[in-house]
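Here is the structure we will look at, set down as structure tokens.
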Amino acid sequence: MRPTARRVGVVPICLSALLAAGAAFAQAKPVKVGLSSAFSGHVGFIGADARRGIELAIEELKTANTAVAYELSIADDECTPAGGATAFRRLMDVQQVDVIIGSGCSGATLGGMPTLMDGKLSAVTYGSTNPKITEGAGVGGNPYMWRMNLNDTIIGETFAAFIAKDGVKSAHILAVNNDFGRGAAGVYQALLPKNDVKVNGADFFSQGASDLRALISKIAARSPDAILLFGEPPDCALMARQKREMNLKAKIFSRGGCYTDESLKLMGDPRLGDGLTEAAYWARTPDQPMVEAYRKRHGDYPPYNAALAYYAMMTVDQAVRKAGPSRDGITKGLAQVDWKSAIGPIKFDANHQARPDLFMVRIENGEQKVIETISNAR
Amino acid sequence: MAATLRNDAPLLALLAAAAILPFVAPSPYYLSIGINTLIIVCLAVAFDLVVGRVGALSFAQPVFFGFGAYVAALIATTFGAGFWVEALVAAVGGFALSVAIGIPAFRLSLHSFAIGTLGFATIAQLVAQNWMSVTGGPLCITGIPRAQIGLPFAQFTPRTLTEQYFLILAIAALTVFVVRQLIGRRIGLAFSAVRDDPTLAASQGIRPLSIRLSAFGAAAALSAIAGVFTAHFQGVVCPDSVATSYTVMLLIVAFVGGRGSLRGVLAAAIIFGVAPQLLRVADEWRLAIFGALLLVTVLTVPDGIERIFQLIERALGLGGRNLVPAAIATGPAAIPAEPAPATTQAPVPVEVPVGEALPGGALQVTGLRKTYGGVTAVNDLDFEVKAGELVSLIGPNGSGKSTTLDCISGLSPFDAGTIVLDGQNISGWSPARLAKAGLVRTFQATRVYTTLTPRENLVVAALGRAPTLYEWRQYARSRGATPGLDARIDDILGRLGLAAMRDRPTGELSYGQRKLVQFAASVIVPPRILLLDEPLAGVNPTIGNIFKQQIVAFNRRGLTIVLVEHNLEVVVDVSHRLIVLDRGTKIAEGDPRTVMAQAHVQEAYLGR
Amino acid sequence: MELLLNQLINGLTAGSEYALIAAGLALIFGVLEVVNFAHGEFYMLSSYYLYLLMTRYNLPYVVAVPLVIVAMILSGVIFYYLVIRRVLSRSWQLQLIATLALSIVMVNTAIVLSGPVPKYLESPLNSQIVQIGMASISVQRLVVLAATAISFATLYAVLKYTRIGKAMRAVAQNREAAAAVGISVEKVGLATVVAGCALAGVAGALISPLYTIHPGMAALVIIKAFAAVIVGGFGNVTGAVLAAFLIGLLEALVTTVLPSEYADAFVFGGMILVLLVRPHGLFGRVARS
Amino acid sequence: MAGEPVLQLQDVHAGYGEIRILKGVSFAIEPGTVTSVIGANGAGKSTLLKTIFGMVQASDGAIRLDGRDVTGLKSEERLQRGIAIVPQGRCNFPLMSVQENLELGAFIRRDGDIKADIEAMYGLFSSLDAKRKVIAGNLSGGEQQMLEIAMALMTRPRVMLLDEPSLGLSPRMLDYVFSSIRDLARGHGTAILMVEQNAVQALRISDRGIVIELGRVSHQGSGVEMLSEPDVRRAYLGLPADRNAP
């Protein structure tokens, strides 16, 4: 019975996709894509970066997918739950978008999620790391929320094994006190002991903290083999400089952007980062044409927010190709996406979680070097 | 009834307009702006109860909002007891939390109070951020279901945006209603009294802490209920909900609206709820423009929107209500001239006003000593005042007269000694307790409630003197007419020549007139013993004469009076007995003329 | 032992940062009774001045630093005439809102103009490390400590011995009396605001090379500076400076022995306790009224 | 005693914002004389002094010092030209010593005689001499009043404005302050314009009295005349209209 049912189900979907694609082509009405991210306040760069990535993708799609044109609208969600609810609502009802990319922040994504149900509108996040998003999406209850980026649990399993393999016997966790840092700390406190790495302790610092030296002094006194740093590029840069100042020997493993160009630039001397290893859900690998394209447009390598948003846009395009450009079509299309992107396969599971590749990046001579690309596909 | 309707008409019109919004809004997005605006309305109106009505700049308001949100989130995601239980737990818990924060915080001076509450708010945020097992920390509490509202006939779950909108509109209406009820009743007078002058309030029997806590607590409970709604509306509660950044918004709304002005705050809440959304067209400059607009507003219209309302009213000829009440409290001290003590004015009738003086008033002060900063202000002072006596304390500056009054009236703790009133040891009693026991004082630097009218000043004074239980029962009553009391108030104001001033803000009265209001407040409920601190200082002779006549008249009816006064002519004229202080000790005591004739008194006091 | 020495150094550096900001806050509050909520943003502003001078105009660090102080003095003048002078005779709550609004404007303008992405400036002193006992420390950190000490010595001498310093103290104690003896409250106000901004300038020019420069950099610092001003006794500059170092050391100590995320709770809990026991702060002076 | 007026007011109007307090005040005072301004609370007496000193700007009319118009000048400039004020209430620097207060009294001066003048003040007010190092906040009320007058004198004023110098003083202190004021005028040639609620005693030591009513001068004359003027006696002095009545 089951194969039949499936076959029966596929036909109308394909039909509607064809119809939808045809209709869109006939009207030449652009598909409206909304970006919800922070555009103001202290984390406003997240939105600005993502916008550039999406704009680049839309530009490229102009030639690649002639069936539809894309038009971008943005809304500022201020990285807060309330802001997320308002921004999603604004994109959905005022801008009347067909799909939302975002938010880049977990809090805003969580706040916006329930809104999606009202408009039967799908949203694809490219950077939120909170595991609760996956728990609540797909079979978790919300059929409209999708996550393209790896979450911390998936990354953690791979990274913990890698750290153990690197000869680390004891580690201390130093994390930013937000959803990302707290979530990551929880994951590694559970996973590292399973890989026979002892966790000496975990300390948290406030977002935007200017000085980590007091914390590093404390950690250094316990002389762990490694420090696991979960923070943003400025935090990494501080860590690198203060590590030099204090002549600290521990290896550094990081998540959150310590390997990025921005982080290296903030160190002053990029070689301060030498030896640092980061498990990244995006890295500059040679087989990604978007890197050079971005550099041509903006003069700089893309930040990971820009790159991930770029791939999120490409994923949306895949969904449109599958089932048409309407809200309904994109939702159905996302479920079918099975796309081999330059950062690995993108295919959403029952909880709407995709599993692209994980990149192990190490800083050598002040340069980032991808030492391993690990597939997470099951 | 008609008057109530007229006063409520603008509010009802606003409510009606708000109720229409879902049916005219071009898209649900505007409803979501409406919902966010209504949340701000709830918080701002409640906040103004604290900052505008009792004059305490609190940074802790978001704590209670966040508390309500977390309560709702925890209940809804664990055992799901429904909206009413959540609201009740949030309101009662918010109230209790506010009392726990308020009791220490209100011990601080008002500047420190602001920073102290900022400290509490920061700690609350740290708790929300780091108490992972309960709040989930930065990982938030997610998956909060829609509110389950049990109604008598059905279970209602607001799902659509319109239903959510009406729910928060109902909560906002409730908030405005509760706040209006509070300020429209006699407790509203007590709020103003405590804001204008907490020391005076305490010395009239009103406990500033209780009054402030009731405003603080009511605001906390109301904010917590708004928090319950927000938790269900957003479906997620994060430490941001407790963040002090909300306070910035609330402060801005309260001040741009005009503190203590409900309509101003409502208008500002609506403007600041909507404006940042409208400014979204300006994208990245949005917040900078928002700040710039705010700065320009504050610099050009410092009295806020309330001032604009007043100007419009004046232009329309509707200026019947009290204008500029808030400006008097904070603005430059510009006191309009008192009418010249016209030479044609008939002398004030000298009769004892209303009320029977209480019997008793015998005061014994033994071994009183007070030192501060190494200076001994009062040194082993003994004296006695018999019931019905009029005793004057005189002495050169710095001899300890005012300090003695401060010690007796409970304003200033003392190092040693006992004070006994009618056989009861009253040492260490609070000013409020003393006032309720019938020991009342006036102040040399005139103290009145400047934003209240003379009539209201006297109502507050009368309430404060009542037993606590009765006092609080009275607070629940309307502030309009006060049958029984009004006749007495009219009588005494008439006798003091203040009838025409009865319903003007006392801040508009001249210095001398305010001094008379202060006196009237001290005797509106006749005390057992009245301590007068330099009633004649700085007043013109006409008002000085009124004081002299009233002091004598009250004393003849049996009121015990202790008078501190420099005007020796008057002192010698009216007193039964003089007590002369010099450098904190008693140097002479007895019949006025005998005492004044003593050489060492003349030496110490008159320098001859 | 090494840990203790390290934490002492850390506490003192953090204390310097808080103290330079708190001193300006306390000065402006003490003399003009204005609570300047935008004060932290002047610290941010001076850091961006330094960034601009060193990257746009390629000036060496030692040349840029004095220019930053000059720029901050000019900024103080503008700030005074644009905002402070207009609210000087208003209620303290209104002053608070006005400076709060300015702070919103400054932070968000910085975000738009410079981008919210943090910047880093390499000071040549930052990469020179010296060994003190068992602790190693960058020369920049030592310069911060020394410059803080020099700043406060200068401030103290100005307040104590110069004509304008006396005038500042006079206005602080009794504004009307100051006007009566011919002290221009306007000029003293200007001098006070400029001095406060210059101190923030010292902080920005010297401390920012240790960390990173971003529009929100003052947010976490200013709140500690406020705590220092309160604990030190409103408007008492010396008290605020001492309290700032106390807070810096307390933080370093708490971080060492307890989970670091609760360090702030100790700072603010301590502040509330101090206020309850001594409502005028640790070093507040109360004249006999 | 007669001579050219040192201070002259001509139709002076002033107020705060929209509220007009002075509505056309004119009078003149001469060097070495004491003039008392009396009137009801809020009649505009304090505003009058502040307007003369420049703390409140006159909206209309002219104020002349030694014949020269000072109406548009700032307070500091008026102080330079010889108008000093002792405002109502405490007007010293409570945390500074008596010596420092006196030095600040000479804030606008840059000459070398300041030290000598301070010594002269200690001679004039001997109770301050023993308390040079005591902070002003710890002086008694009368001593503070003396200090404030001494501070005002440090500018060697031509005209000194005193707002309620007797406020809160005991009779003994009050006598002392009033006699000092009289001596200052006689001895130094300083013209003194003083606002007093304690009108009877003020007029007794005054050469002239001025009554301000609703922002205008309603009566003026010599101190003795004022004390016997029936209207003034009844309305402002609290005395029977007929000075011979019991």
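Per-chain numbering from 1; labels A, B, C and D assigned in written order.
Definition applied: a contact is a pair of C-beta atoms (placed from the backbone, for glycine too) under 8 Å apart; a residue touches a chain by one contact, two chains touch by 3 or more.
The shown structure was predicted, so the numbers you read here are calculated from the model rather than taken from an experiment.
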- request: Between A-C and C-D, name the chain pair that shares the greater number of C-beta pairs in contact.
  value: A-C
Query: How big is the gap, in whole Å, between where the Cα atoms of chain A centre and where those of chain C centre?
result: 38
Task: Express in whole angstrom the distance between the two chain centres, defined as the mean CA positions of chain C and chain D.
output: 43
Message: For chain A versus chain D, what separation do you get between their C-alpha means, in angstrom?
response: 76
- prompt: CA centre of chain A versus CA centre of chain B: separation in Å?
  reply: 53
Field: Touching two or more other chains - residues of chain A
entry: 40-41, 44, 48, 177, 204
- prompt: Residue numbers in chain C touching 2 or more other chains?
  reply: 108, 111, 259, 261, 264, 288
- prompt: For chain D, what residues touch not just one other chain but two or more?
  reply: 138
Query: Okay, what are all the chain pairs that touch?
result: A-B, A-C, B-C, B-D, C-D
Message: With touch defined as at the start, can you tell me which chain A residues reach chain C in the complex?
response: 40-45, 48, 177, 203-206, 208-211, 213-215, 217-218, 220-221, 233-234, 237-238, 241, 244-247, 262, 265-269
Statement: Residue positions on chain C within touch of chain D in the complex are 163, 166-167, 169-170, 173-174, 176-184, 285, 287-288
Message: Under the stated contact criterion, what part of chain B meets chain C in this complex?
response: 51, 57, 104, 107-109, 111-112, 115-116, 118-120, 122-123, 126-127, 129-130, 248, 251-252, 255-256, 259, 284-288, 290-292, 294-295, 298-299, 302, 330, 332, 372-373, 375
Residue ranges of chain A in contact with chain B within the complex: 39-41, 44, 48, 74-76, 80-82, 85-86, 89-90, 92-94, 106-107, 110-111, 113-114, 118, 130-132, 135-136, 141, 177-183, 204
Query: In their shared complex, at which residues does chain B touch chain D?
result: 332, 334-343, 373, 375, 394-399, 444, 510-512, 534, 537-542, 544-545, 566, 568, 604-608
